[in-house]
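Letters A, B, C, D, E and F mark the chains in the order given here, with residues in each chain numbered from 1 onward.
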């Protein structure tokens, strides 16, 4: 159990939701918190990126994106044939699990802070890079030839959807400005990060509480999937990170990245590209089940895995 | 006169309202500011609480809650028989004065900061504990047998209404995480507290300016009550704190707590539980009169009282 | 080219707008950011003001306001007779260029921070003082005898419009409380200033991107005016500041102040006072053209001018 | 386009009543509802929405005359005396 | 349920006019009004509400035909030329 | 006051569709539209607007019967199956 205090705010939100408290985070505040988190993470990544010769990352990047692409390709048949779910739903859920969660990732970074562990900062870049193949594969699986895909609209949704755009934008600004240039912004974007993350988790809890119910309707299979899938993805990440010679922290973060499921970028993109998929299923699984699993149990487990494999 | 700069923001708001400036704090921002203040105060209290063996507080707590319950029981007959107000209005106003104001309390804490005075941090717990008897007594006085009370709805409103819920939630998180665990959140919740309080007071001023007028309609009696009542309650607090052997700061804060009148939790709860009461009266008195009185004159007076009694 | 990182956020916003990203800053957040910036700047100015015997400033102030009044008086005939624009549009645009932009000014201050240059802090007072003559002259030019001016409404709009009111209010509070009294608020209003400015510039970019198009319709004249006018005004500022014996920083800031064009106070006031003027023209020029010109090219040029004249 | 004649019942009331009114409306058999924020002025004075519980909400329900009138009667009986409340109906053609 | 036939006058205009229009409407004898935020597009172009004074407001007034037409005439005369303004009426049954 | 009889078409749908629906509506020849935020419940369940893409929008278009019915048909055909969508019309008198 991870006693990182920020996750207690998630509990606070869930409880408020379940007890039908009138607590609400206004929509515009939620928007502002996500803009803040996305920009802050992006800036952080950009600053880190500026420290490395980008060339060196191309190879690692390619490997990570290719391995990441395995996730939706494994998830789809499981959902379709074992779970007996519709093609559209299977594809949409696969896309959610192929892409990543900025907040889960942030909780992971927070834990590393506590553990005083270093990590390869440029890993943040994969918050952006892993979205694209996941969503594209998801759509292809859903369409599978038949039906027309509005690729233009989809690609626009993916690249210029606010979450990816802000992450990428932050990366570029952080990269161009560098640690020195960003310093005047540290007090807002870095010093306040954990506090804002706590508030965001409070809102996530409020929303998750409404999703857990939705999930219940869809039985144990999906619930099981929402726990087993991240464990599988995390293992992929552990092995990949270890083979690429990442530090313990980096290996752990890559696992967390793979294990996390999207509930911001993917839902919006899938709602447009695969409208016949039921969003309650994908969001219910990723937000109602996988997200809490990851921040409470998954993350400590992944850290243990990373430490163990490096102890070999 | 208390030249604590934060209160100048209240003045700024009142003046803007009276001069009909188009200055507005958007509703969602107001919500966000209150969420912040409630959580921050709660966290602070929880951290303090963690430092004491809770057992020791039970006795003090009982006394304080019992004495606190005197306030609405005194206020009601005064309003009903001297003020000749309707049973419902008397009861509702009594409940407002029995419960407490987080912002008034915060201004008190800010002043102690200036004066370099310590205080028993766990007093923050009473921000939560004092609400309950006050509101319950208010409803009983209003109903007095006749009429049905939706106790379930009321209790839910009291305990899971956002203000109490966030205070209590903050308390628990602060208690569980402890000073160390909360440290990463300090930069948001504690360092920015006074600044956020200033912005909140600006909004309070804007709202108060619209309430002062409302109050005027209801003549001098209510205005007088809104000044005399807090003085009486404060005296209760001074004596209680002194007898319980609190520090000067603690005695002062208890007085401030008793003297403050609610304008967030109580109005919402009373609107549901005692709908026939006119909210313009209770909010007009507590926000339009008592709140400014407390932050400008009351608080310095209460501090003087606390110092004097301890000088005996 | 000014590589002050905050301006990169403006670019991020413009690009998002042009690429039709779904990135939006909620209206209430925009409001909150402007309230923050206006109050922070006002407080800063007030604190500075408190350091000087106000008497000394009266003469400088008079000169600066008089010279500042030249700007709209020059802009009007240029727009009316060279640009062949309607009397109303010419007057409204003249008023926009006569008054000032808090954000442009803030970017200027940020640059001085980088360059480790001091400046006469009380210059912030002119953010308030320069608005009034500009707007009044604008209305007189528009009406020119004929037509009735709702002076009352206009003056109210000018003095109690939120931007001026918050600036002035911040000035007074900062002045009354002084550096010491404001210290508890520093962590919010001063430490976070640059970060908030960055977020504000992001929003400005989003808005500007929609204005650039609007501007295009009105041909090269207005675009040219929007670049030449600030250069002219800046020169006025450089000379004035130099003659008044300001420091390099102060001279630069006065030039920036003169060169900047309003897009918050003036648009609102003109929409009421000169409704027949097309707001797309004035906002298109000031926000779509002059603002980006100033923060990217203007400000570095004005700094160079200030350094040069002081090198004489 | 096969359209169906129904009534649109618009309810303007205090934000604090939101949950309670929704409960009543669904209990009376409405198939759905739409809520949006509002502010305004009426016999109960200005409701600027500035104050937490000080704003209004607009609840809209589309249904047949019977449903609407049962809602109107229920709300009138239970809330009109003590709360700001305004209700009006207007005939609409449901298009889907 | 005793209902009363009236008109619902909906006014869509620029947010910057809010106070001024409210003044006019109350001066013409309206018993109340409801305001909500809106954005949109019309002959005066897109009004995204992104810009401070760039949004629209929807003002709704329930009253008799006479009141509505006097409001319409006043606003048309004074504001139609220079401001984004759209007004339409629809018959409603006031239910309380 | 010269008023003109038209239809007010109200469309309630998912916020995520905003840009797409606006495109369709303008393409079908609408002169303008008004958008406001909403939340609610219907056959697709509760839409609290809590979640980013989880809110509703209300799109209102004033136009003649022909325009409205063409919009209704287009949206029904393309979006009714997969998205929360409710459309209804009501006769209004355009006042300016």
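One rule holds in what follows: a residue touches a chain if its C-beta (ideal position, glycine included) is under 8 Å from a C-beta of that chain, and two chains touch if they have at least 3 such contacts.
Note that the structure is predicted; figures quoted are calculated from it, not measured.
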| item | value |
| --- | --- |
| Set of chains whose contacts include both subunit F and subunit E | D |
| Distance between the centres, which are taken as Cα means, of subunit E and subunit D, whole angstrom | 20 |
| For subunit C paired with subunit F, centre-to-centre distance based on mean C-alpha positions, whole Å | 40 |
| Centroid spacing, where centroids are CA-atom means, of subunit A and subunit E in whole angstrom | 46 |
| Shared-contact residues (touching 2 or more other chains) in subunit C | 22, 24, 26-29, 31, 192, 268 |
| Two or more partner chains touched - positions in subunit E | 36-37, 90 |
| Interchain contacts (touch definition) - all pairs | A-B, A-C, A-F, B-C, B-D, C-E, D-E, D-F, E-F |
| Residue ranges of subunit E touching subunit D (in the complex, touch as defined) | 1, 3, 6, 8, 26, 31-37, 62, 90-96 |
| Subunit A residues touching subunit B - in the complex, by the definition given at the top | 3, 5-6, 8-9, 12, 15-16, 19-29, 110, 113, 191-192, 194-196, 198-199 |
| Of subunit F, residues touching subunit D in the complex | 9-10, 12, 36-43, 56, 58, 69, 72-73, 75-76, 80, 85-90 |
| Subunit B residues within the subunit D interface of the complex | 24, 27, 30-31, 34, 206-207, 210, 264, 267-268, 271-272, 275-276, 280, 283 |
| Contact footprint of subunit A on subunit F as seen in their complex | 14, 16, 20, 45-46, 48-53, 55, 79, 81-83 |
